[in-house]
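What follows is chain A paired twice: with chain B in the first complex and chain C in the second.
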Partner chain A sequence: MFYRLSGVHHTRYEDTRRLWPIPTDRRLVAVLFLLALSAPLWLSELYLQNYLLPWLIWSAATLSLTLLMGVAGQLHFGYAAVMAIGAYSAIHLVRLGVPFELAFIGAGLVAAVIGCLFGAAALRVKGLYLVMATLAMQYLVDWVIVNVPAISGGAHATLQAPEARVLFFSFADGFTRYYFAFFWAVFMTVFLLNTKRTSFGRALVAIRDKDYAASVIGVSPFKYKLLAFFTSSFFGGMSGAVLAFCFYRAVTPEQFGFNVSTQLVAMVLVGGLGSVIGAYLGAAFVLLTPMILSNGIAALSDAGWLSVSANLLAHLPLMIYGALIIGFLLAEPLGLAKIYDNMRNYFLVWPFKHSRR
Partner chain B sequence: MRPDDLPQALPWRPHDWHKGDHLLALLAANASSHPAEIAMRERDRGIWREYTWQDYHDTVLAFAAGLEALGVRPFEVVQIIGDNRPALYFAMVALGALRAIASPAYPDATPDEIALLAEREDVRCAVVEDQEQVDKLLQLEKEHGERYRLIVYDDPRGLAGKMPERFVAFTDVVARGRERLAADPLLRQALLERPSAHDVAVLLHSSGTTGTPKGVPLKHGHVLSAVRNAAQAGYFQNGDVHVAYLPMAWVGDYIFSIGAAFALRFAVNIPERQETVIRDLREIAPTVFFSSPRAWAGMITRIQVGMDESTPLKRRLYEHFMAFAIDLERRRLAGSPPSLGARLWRTLGEWMIYGPIKDQLGLARVRRAYTAGEAIGEDDFLFLRALGVPLRQFYGQTENCALCAAQSADDVKLHTVGRPFPGVEVKIADSGEILVRGDNVFDGYYDNPKASEEALEDGWLHTGDAGYFEEDGSLVVLGRLSEVAYTAAGERYVATYIENRIKFSQYVKDVCVVGENRPFLTAIVCIDLEAVGHWAEEHGVPYTSYADLSQKPEVYDLVARVIAHVNNVLPSGLRIRRFVNLHKPFDPDDGEVTRTRKLRRKVIYDRYAPILEALYDPARREIDFQATITYETGETGVIARRLRLYDVAPAQGE
Partner chain C sequence: MDFLFLAELFVNGLSTGLMYSLVALGITLIYKASGVPNLAQGAMVMLSGYLVWAVVSLLSWPLWLAIALAVVGMFLFGLATERWLLRRMVGQPVIMIVMLTLGLDIFLRGFVPGLLGAAPKRLDLGIGLAPIIVADVFVNRAYLVGAIGAMVLIAAAMLFFRTRLGTKLRAVSDDHVASWAVGISVERAIGISWGIAGVAAVGAGTVWGSVQGVDWTLSALLFPAIAVVILGGIDSLLGVFVGGLVVGVLGSVIPGYLDPIVGGGTRDVVTSVLIVLTILFRPYGMFGREDIERV
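Up next, the complex of A and B:
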């Protein structure tokens, strides 16, 4: 119904590999981009700063984790720790007087180096054992941050993000925070979309599918697993820095606990492994559904349509949320991205059931 | 072949063509006025390779120069054999520059068919597509003695470096020609000035529904007059996008892909292979599209099969909007304009159903869609117009460059083929035969004065079709004069008319209605494997092959319902009482249909005589029959089956 494919033809092989060969998809992407770009104009401050902004940042973080989990197939249950390293590094670097732009990259580098150390475990272990290794990272990093006052400022301290400017715009300004997060998400999106089409991306996919088969065809698992951990941790650290400067404005160790790691894994899984649109959908689902559910149920109960005990009222959103996750994954184990893909295909072949020969 | 053996302009009709107004002059003019515009695209391994008018012009001249160096002489007939390929089009035009005569043959023609034409036209050179065609020529030479002096091939796979000297690659000929052109700066101009409008541009062959095909030489002047007449009537537009997928040996392809393409600067698009036409058509989305009623019907079958297996919501929407649009179109053709509400509803349907279907078929941008060759089923015609494909019928034969009369965009009626083009005179003979005169009518058959005399009388071409004029001047074609037949009871009928009605069912691919001098009508039916196969899967009817499927009792019942449905609208004397499902489809290789898929009744009557006898013998319920089939190599095989003879239940009220 919405898709028109006739007249799309290519005269060079390069064109056949472009990102969105179908005009409708290109238009959809352009509309979404413009909507997000103009969001401060039509969205209230509350929704912009409390819904859209965190969604974009978590999507960017999910994109960097999906590179590791979805594309390269290496499980990581300590990704919040990676982001914590980035966040704390960036704050300390800025405090030391390093310009934010450099501190931002520095945060990525520190996270990448530490992430790589633990990632090295992946060279020897796989699957559940790798999960254990990354869990170890989560707890070690947590412990170090909490117990080294030089980093956290004390066991229960809150570390304020210092005043900083990026390209002459101050983070004190809400617009700067939004646009910085927005362009970071755009950058991550473009990066991941293109990575999947490069030899690097294809090598990662080969490793994911079977690492010793990959080594038979000349893809070194040693090199590419390390590279995957390095790249993913690099961007994870930077996303942590964005989170610290644009959204939290002050960091505590609890903000990067184990539960956050599980949430990140949930975002990747619910969204759909290895999918870019899945990262956005997964982040939206994990982040926004609990908020919307609790708001909705609170509204229902205030209106008197729902009479349950206050105790149940607090837990009801969580129960529904859990049921939803199970429901979605039962309905489509490949995640929300696959559900979107099914819907797209339904309209792509409209009014037929499948594409015509 | 000497030039005076070719048909000359007839004494009663001297052409007043300007000598320099020929296809090569048009090509040169296009190359100088629009050098960078795309003249041709070919899909090659997934992408479209483009040729500008400049490329077209340069390649044609270089190929001509190369061919001349290889000894192709003026007025010599050169065969062109293969699927649509740029090189073959370039070759056809280049032969014009040498005043030689290009004679395209169907790519699936058997060696015997090619040998027959080659012998009659004294062919010594050929330009062919690939190894398959080269093998065919080698096979032919093995059986009929060495014939070809020069064979140019386009696709070097399996040929390069392995063949004797008389086999030359297209690219080598072009390279050789380029050297000659570089060495002799005057040659380029000389090649363009050599031909004349009075030279034969192409030697085509009549479809041969009766007997062997006759050679139809069309001159540059004929082709250009025909195209310009049609353009004047708004039939083509400058810069149309066209897909060249019909066989090059068919007059329609020559007129569209070379004649009109040169005169009106078309972008001609060539699909990768015959099997990819449907996909490639969608990638190009042409603005002008020309197809045979057969192919249009095939398109409708594909839509219907696709919708049958679609999801319930989509199917219900389709059924509603399609029925609505067909009804609307029927009333529009009857002369009542749609109401505002109906127009709005149609707009919604355009967005929901018609637009997407046209998009899937690659017809989204078609502004001018045509059908010709034989009568199109009313229901097919309505269906396509309802979909928003501005389909129009036109009328013509090979002998008059296929362009004789056509419906105008705003005046389409179901039963007429429209008014004659400006510059074309049409009248009806006393016998009811349609006669045509004009600059687009050829000057006589190739080397066949007797047939020429019969066909051309005082410049009037005897088309062999029966027809009459409506009061508003539009022409109605009833069918072949020879096909108007009478049953033993004296009932007059036209077999093609009944056949077209039956063939609108997606389940019937071909059908031959028999009944001349017989007590009643019967039919030989060839089911459509795709549609019936799909139906069988849906209804749990297991089958192994075409032959097996055709003889299933359930399939017989299915076909009987189709025939009974058509019987309802036929007068009682013309109802089909019995039919048989043939266990093989009609095939051009077996000579049962022409390459353009018209029935050759004589062949069918001969070959299936035992079946026909059995059909008229009420005592017989079945018949054992062996059908011979001819493979593309020319070898034959046999399929034996016991065929059931089916009595159609009498229609209501009988």
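Up next, the complex of A and C:
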């Protein structure tokens, strides 16, 4: 009914290979694209800059982590460090007078090269040990950033993002910031959707499912694990640069600490491992729910309906965030993407439920 | 003089290391029985520190009673965590389980200080502040007590694995299906291992709480504890003991000389480097059992 399948006949191979074979899906994507494109027209400045913009950037970062964790199956608990490397490199390159477009790519390259060091551990171990190794490297990168004044600008210093322009548009303008982040998210989405269909993506999936088995059929785990870390860190670093220039405008090492890494992993898992729409849903859920719920409870407490101490109120977001992770893993381990998929499958044949394939 | 400085760092490193072992003990116990890496152990240490403090300060009951109550409480907490959270995750990929325990860690870090107050609290064990001086080396009395407590608990854990129940736990850690086949309740064994990890957390929480005060930073002990289990081998009790000593000594001696040069904070770096090097050169640690994987 809603996702009408009748009349969808594939007469050419090109048709069957389309990203969205069902017309309703295509229309849905087009509507969402246009809505996001026209967001500055119908959304107030406050919501645009404080909710939509960070959501898009975090979604893009989650997408690049999804490539590593969901598609290639390599666990990474130090992704915030990779983003930090990208953010700091971009800022320093622009400060040195490099045009932003080049600095943007340079940030990705620096992050990718250092990110490959994380991958060196992946060549030897996997699973739990990979989690521990990446976690340890997160602490190392943090320490280097904090303790080398040339990078952080001194201990406990904030580093201002310098004035920069991308394709003649200045970042001082809110519209530029929004549209740059938006097109970055669109690019990451298209990239990930298509990567899954290339030989590279299929090799990564083979590594994820069983690396020994993959090497038996001629997929080199050495090469593809490193490539997975390289690609993912490249885009992670660029997302970090977008975050620094479009949202934070001034970076401190605390913005890329270990808890941010956990938050990114939580976004991937709550959204659904390896799913593109899951990255958007997961980022929105992890970012917004603790905020909305604790604001709601604060409002109730202000109205006098609920007596909550200020101390408890301050700790509420953390509690809600932890409870959300636990709840999601127990209730729906496949994440929000699976819930969306169930709904879509239901409406695919609604109201003729009996005809389900 | 320089030698004295080294000796002092070394001795204090030994006792700190044994106290790290106390935190790591819980992780090893749970991993041994069920193969679950418990990243919530730091938060459990914090929870038990808060429990002991709450009974002593809020109810003003004697310390021994507070510790006994905390032991019972944390044993039940461990049982409940296994029953309601971890048992439902059996068969899920390791990332889900890691994330679940991290979620529990985050939740407890919000819940416990939110309920009982975030400001650091003093937990007095009745140990004097004056250092013990042995051959001109200053030894911190509180750390020494902690180290002795750690050694007692690790020895108790080793002896426990020789009892009837402990033998069952060892069987379960060897092979779940085979233990099932000979009539051992695998679920109960894993539950008990969580309970004992809770009891170990009480030991760690009391000792660390008396040294650095009770607040959320107790949960940050997870990081050195991870270094201890990775270095010693995540499923080895002997590894916890030796790994703790190594992490403690290196984490005390190296920062002792480097901190004045680079400006502090090298302890976390030593811990991180230890983890990374162990995983790169000997992933299963000093005494850990190597898994053999088949296609």
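To be clear about the criterion, the second predicted complex is superposed on the first by the 341 of 357 C-alpha atoms of A that agree within 3 Å, B and C clash if a C-alpha of one lies under 4 Å from a C-alpha of the other, contacts with A are read in each partner's own complex, and residues count from 1 in each chain.
In the analysis below, a residue touches a chain if its C-beta (ideal position, glycine included) is under 8 Å from a C-beta of that chain, and two chains touch if they have at least 3 such contacts.
Just so it is clear, the model here is predicted, and its values are computed rather than measured.
K.L.:
Counting residues of chain A in contact, which comes out ahead: chain B or chain C?
P.N.:
Counted on chain A, the partner with more touching residues turns out to be C.
K.L.:
Of the partners chain B and chain C, which touch A:G7 in the superposed model: first, second, both, neither?
P.N.:
A:G7: touches chain B, not chain C.
K.L.:
Of the partners chain B and chain C, which touch A:P351 in the superposed model: first, second, both, neither?
P.N.:
After superposition on chain A, A:P351 lies in contact with chain B alone.
K.L.:
Once chain A of both complexes is superposed, is A:P333 in touch with chain B (first), chain C (second), both, or neither?
P.N.:
Touch partner of A:P333: chain C, not chain B.
K.L.:
For a test of understanding, state which residues of chain B touch chain A in their complex under the given definition.
P.N.:
Residue list for chain B touching chain A: 41, 46-50, 278, 282-285, 302, 306-307, 309-311, 314-315, 317-318, 351-353, 355-360, 362-365.
K.L.:
Of all residues in chain A, which touch chain C in the complex?
P.N.:
These residues of chain A touch chain C: 69, 75, 120-121, 124-125, 127-129, 131-133, 135-137, 139-140, 143, 146-147, 155, 210, 212-213, 216, 262, 265-266, 269, 273, 311-312, 314-326, 329-330, 333.
K.L.:
In the complex formed with chain B, which residues of chain A make contact?
P.N.:
It is residues 1, 3-13, 15-16, 346, 349-353, 356-357 of chain A that touch chain B.
K.L.:
Spell out the part of chain C that touches chain A in their complex, as residue ranges.
P.N.:
Result: residues 37, 85, 88-89, 92, 94-96, 98-100, 102-111, 113-115, 117-118, 223, 226-227, 230, 234, 262-263, 265, 268-269, 271-273, 275-276, 279-280, 283, 293, 295 of chain C touch chain A.
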